[in-house]
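For reference, chains read A, B, C and D in written order, and residue numbers begin at 1 within each chain.
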Amino acid sequence: MPLKKAFTTTIDNVSILDEHGSFDAKLGAPGGKPIIPDDDLVKLYEHMCLCRKYDEVAFKLQRSGRMGTYPENRGQEATSLGAAYALNGDDWLVPCYRENAGLFWRGLPLEFVLLHWMGDERGNAIPEGMCITPLAIPIGTQMLHATGLAWASKYRNEKRLACTFFGDGATSEGDFHEAANFAANLDIPVIFFCQNNGWAISVPTKIQCSAPTIAQRGIAYGMDSIQCDGNDIFAVVYCMKEAAKRARENNRPTFIEAVTYRLGDHTTADDARRYRDAKEVEKWNNRDPMIRLRNYLVQRKLWDDAKQEAAVARAKEAVTAAVKRAEEIASPKTADIFNSMYAELPDDLVIQRETMMTHSLGQHPEELPPTSTQQRTHQQA
Amino acid sequence: MPLKKAFTTTIDNVSILDEHGSFDAKLGAPGGKPIIPDDDLVKLYEHMCLCRKYDEVAFKLQRSGRMGTYPENRGQEATSLGAAYALNGDDWLVPCYRENAGLFWRGLPLEFVLLHWMGDERGNAIPEGMCITPLAIPIGTQMLHATGLAWASKYRNEKRLACTFFGDGATSEGDFHEAANFAANLDIPVIFFCQNNGWAISVPTKIQCSAPTIAQRGIAYGMDSIQCDGNDIFAVVYCMKEAAKRARENNRPTFIEAVTYRLGDHTTADDARRYRDAKEVEKWNNRDPMIRLRNYLVQRKLWDDAKQEAAVARAKEAVTAAVKRAEEIASPKTADIFNSMYAELPDDLVIQRETMMTHSLGQHPEELPPTSTQQRTHQQA
Amino acid sequence: MANLTLVQAINLALIQEMEDDDRVIILGEDVGPNGGVFRVTEGLHQRFGSDRVVDTPLAESGIIGSAIGLAMAGLRPIPEIQFEGFLGPAFDQICTHAARMRTRTRGALTVPLTIRVPVGGGIHAPELHSDSPESFYAHQPGLKVVMPASPYDAKGLLISAIRDPDPVIYFEPKRIYRAFREEVPEDEYTIPIGKARVVSEGDDITIVSWGASVVQCMKAIEASDRSIELIDLRTIYPLDIETIEASVKKTGRVVVVHEAPLTAGFGAEIAARVMEHCFLYLEAPVQRVTGFDTIMPYYKLELEYLPEAERIATAIDHVAAY
Amino acid sequence: MANLTLVQAINLALIQEMEDDDRVIILGEDVGPNGGVFRVTEGLHQRFGSDRVVDTPLAESGIIGSAIGLAMAGLRPIPEIQFEGFLGPAFDQICTHAARMRTRTRGALTVPLTIRVPVGGGIHAPELHSDSPESFYAHQPGLKVVMPASPYDAKGLLISAIRDPDPVIYFEPKRIYRAFREEVPEDEYTIPIGKARVVSEGDDITIVSWGASVVQCMKAIEASDRSIELIDLRTIYPLDIETIEASVKKTGRVVVVHEAPLTAGFGAEIAARVMEHCFLYLEAPVQRVTGFDTIMPYYKLELEYLPEAERIATAIDHVAAY
């Protein structure tokens, strides 16, 4: 008697528009109906142009000392953008920090992300109704909030879902496991969107996950899981639509691994040449999601050099305006350190705010004895 | 073009001696050579008798106020016992708290576990060389220590492994995920042994893991993973031998899900009737690992009623002696609160130990001014 | 009015808040059909159903992290952590997110969360079931930390916590869960967070305490012939220094009592503040009667570790004699 | 002797201890070929290989938890946590296991672990890269907590920490990683854990501080014409109260300076202890100059938050005038 099979499964890989320009019509345009209409496709590409320009300018802002640490998004535009495109405007986007493309598509004003990296909390004051949570610095922690946000939507029967973004490294954190496990076992409509960009700072993906795919992380939870080419916006949109359907119809979560690559350094504080091969970067430069999409659009006669030039010019203008808005915002006031700490500020914090002191003598001048002599008398009274 | 397969896998289920007494010779005695020789099998069964008696007595000690909370092991003897049996004496056992059978097999003096539950740390002072870590109260945390212990063995090239035990509930904790992920990606020889006993206190397994098996948790890490009948000591030993080989030869970890059942309450502080069905318990009573093994031994003419009687009598004697040793141990001294805090006690702790005070006035009598009058003078000096 | 234990008072508050506001939901380990390991949520699952009283996977960071998400979406989740010893896995979500969300988003997102946690020693429980971690959380800005010492306060403080727009850690001193009963009004009422309670008035010495230690202080006071003012903090952060100050300016002598270890325990903060606010009135250094700077021992020795009435009495004598 | 930065001094200590003792291994995120995000482990991977300098998965609880296992097996692991803001996920393993293993096993198993963590603000870093969590860990019995304020101390304290048979959290004030250089002996030497350093002597006021704040205190002292004694704690737990006491009995006036929030910060403990030990010598209440009871703001406002020299100078004036 051989061993019994208790469980069998498979992870699919989705690729629609591959790096050589070949397009899988069966998946990309089932029944002749493209999963991304041409109009939208052009808009998505134009949006990528905007984001690429933004990235370039943000990098320069940091280098010229006008902004703090900044994590380049370059090369990863198709992931969060495809995801945001496939969702409804009231689905929660729960990002990490490399999802400019998706957040801007949703409508986040460009200057918000700059403000964040300029060390200003107002960059996180996401306008109401935008359904975006702030950039998450502590890796792997935000997925749990996505689970909670989606859970609340389910509780209220709203048919909204949450899509949370994170890197390959983030899947090593315990909080990722707990978020996915909660979602799977309590039937919560979350999409776990992993951007596997090959590296977590200097640590290669195989140290985070030595399994053949990261997508199989989801199998642990009995979650529908899929891998896709993350530089192929069609593949991303394909997976997202399936996942969104599953979430909305059955409150079931999905794990998506989008295979992509971080073309730049981890952040402006990093120098990736210390740990990775120029050849590897070169290879991925050729797989740039923008090159691929542009070629496709050109081939389809939806794009040309003139349009490109115009798009880049528009992008430049928009980014310049955003930088201006971010840099012209009035400096935060020291009181801002305190003002948002609680709905109602405790007395002690009011005093700290008024005096900008933590040492008590300055804070309670009425208690300062006029002279030292008086002090002793007082004490002995 | 259909979707490409990125990954395919299967979870096997191992059952050798099933609840109806049928024995799978192909797995249980390949080439005619039983994976557990008859002599050992008798010893293992006798050991189960000892542990069952121990459990019964420990329960009564709690009920009669002679011991604190105690978690019954009843019904789960085959899991940790089979595991400990299959390992070498210098492999680390990293238990949770329901592994009496395995720990006693290794040689842990019976009174240690009693002392632990009697609220005495000496129950954790495992004799050197026994390679056992103390019972772990915080769920899911000890697997990481197993990963570290096995890592150290690998570092030293010792060919020792660590086997860590935990419940179905524990697999929901982030630390489990991190321990398994470290072991898989850094090639560390750990066996993750999950005792899926159907419940985590009142919470059924499906809330911890709604996937078809818990074993598939291991797939997330690309870890060899297997499910077995945890009430079948042959199946446990089978899986353990495979896992131990893999660990020793290739430093690879394994995830084992042993399906078993907690026949008693979660602990003496619990009343399982509040949340689970008598019928379910009844069903599992019939699957008791001891009944199964005894029937098999009887059928094989290795056991009879007289032997049973003698074994129970020996067990009773051994347990009675252990209770005596545990209860006769001298009370701990208050100084013991301090003595093992650090290799060398900081001055402040020495003072706390000597004075059994935390308020300073009593601790520094030399600083007490003889009179209040003197005090003022002093201060103004 | 009914004569209730602390457990019953909490249970009543939960029921009433859940009746009033369907944004209130409970989540945690064993809080459902089992009613919690201390039976604090007894009957709630039957009453409100499994959408509002949710048994979760065994994962504290998961419980708090998803509760943060629930709260960000506008619900009023009440996660239970089964014992204070298991709050550690959730420390990061509490300090990194719950405490920071309002200020890091400048108020765009908030976390109206009440984390219920049984706390403290004295019940002969296993390891990690008897700690007192309140000082950790008092040191984390953005949180409020409360700990009732009586059934009456338990109900009023819990209702305040649930209604509070910011995250509150609500510690429940398990040693007095059922130690005594008290008249608790049937109607809902609140006790303001941030206000201490003068348990008994006195002129010679001020004792400041909270949680189950308050009962030990009362015992010590009863056995003493001195005139002692006992202040039950009720809220640890924000600290009600006014009430303490008023008392110390009268007595000039202070004893602080808590179960947590001495060093960097919240008693240190009280001592420091008392010195800052009442320096010229102090007749003796503030004395702290606390757990030792050791791990809370297993239960055979736990009463030697805890600041029991006797140790408090000794400190009273010392501080009075100074 | 070489003129080294704090980063270089630590790097040197690591190399020397690893040369001497092959039980010493390093693990963490990016500590390998990249040499750590602050380059503290630069060159070590090349020198000692990937068995002894190990890039781990991105999981802080995993790093500390497995390091605990390594230590229990007799190695001397030195895990690095990349920033203090990411110590939170490891809080539970540190407090529940590293700190307790020796006492819960009555010495059968021990955890000779040195956890290296960059700490503190002032470098214009993103959120959660500028906190000061030392008080959390000082409150957890079973740990030792150190924080050097100079290259010389950094080397000697780290060697002591690595050789210490108990778990040590070694905080590295990142603001002064490269802020100045100091002569650091080439030979190995130790600085005892638990001993403070009198940085400068004085008669009027005692300032107690640690980490990067020591530099701010020095600035404030330089600008003052008072005679000020500055004590750099070096070790936070166990606290060297003797050195503080000796100073306060001379000066009668005390200012404590740290970056962490005021409430339940370690300054409170120092204030409380000073009162206990020097009550009759105190001429003014101990004053604390610290971070506010708020979240460390994003970097545009971080210098307003931190206890910079100016704020210290004001406190000096106030405490002198009292």
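In this text, contacts are C-beta pairs under 8 Å (C-beta built on N, C-alpha and C of every residue); 3 or more make two chains touch, one makes a residue touch a chain.
Values in this document were obtained by computation on a predicted structure and should not be read as measured data.
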Chain whose average C-alpha position is farthest from subunit A's own: B
Gap in Å, rounded to a whole number, between the CA centres of subunit C and subunit B: 33
Centre distance in Å when subunit A and subunit B are each reduced to the mean of their C-alpha atoms: 41
Sites on subunit D at which at least two other chains make contact: 56-57, 59, 61-62, 85, 88-89, 92, 96, 103-104, 127-128, 141-142, 237, 239, 263, 276, 282, 284-285, 287-288, 292-295, 298
Sequence positions of subunit B contacting 2 or more other chains: 121, 138, 172-175, 178, 181, 185-186, 207-208, 336, 341, 348-349, 360-361, 369, 375
Pairwise touch network: line, ring, star, complete, or other: complete
In the complex with subunit B, residue positions of subunit C that touch it: 29-30, 32-35, 37, 55-62, 85-86, 88-89, 124-129, 255, 262-263, 283-285, 287-295, 297-302, 304-305, 307, 311, 314-315, 318-319, 321-322
Touching residues (chain side subunit A, partner subunit D) in the complex: 68-69, 116-121, 137-140, 169-170, 172-175, 200-203, 207-208, 269-270, 274-275, 331-332, 334, 336-338, 341, 348-349, 352, 356-362, 368-369, 372, 375
In the complex, subunit C residues that touch subunit D: 61, 85, 88-89, 91-92, 95-96, 99-100, 103-104, 127-128, 135-136, 138-142, 237, 239, 260-261, 263-269, 271-272, 275-276, 279, 282, 284-288, 292-295, 298
In the complex, subunit D residues that touch subunit B: 25, 51, 54, 56-57, 59, 61-62, 65-75, 77, 89, 92-93, 96-97, 102-110, 141-142, 144, 164-166, 194, 237-239, 241, 273, 276-277, 280-282
Residues of subunit B touching subunit D in the complex: 121-122, 124-128, 133-134, 138, 141, 144-153, 155, 162, 174-175, 178-179, 181-182, 185-186, 336, 340-343, 346-349, 360-361, 364, 367, 369, 375, 378-379
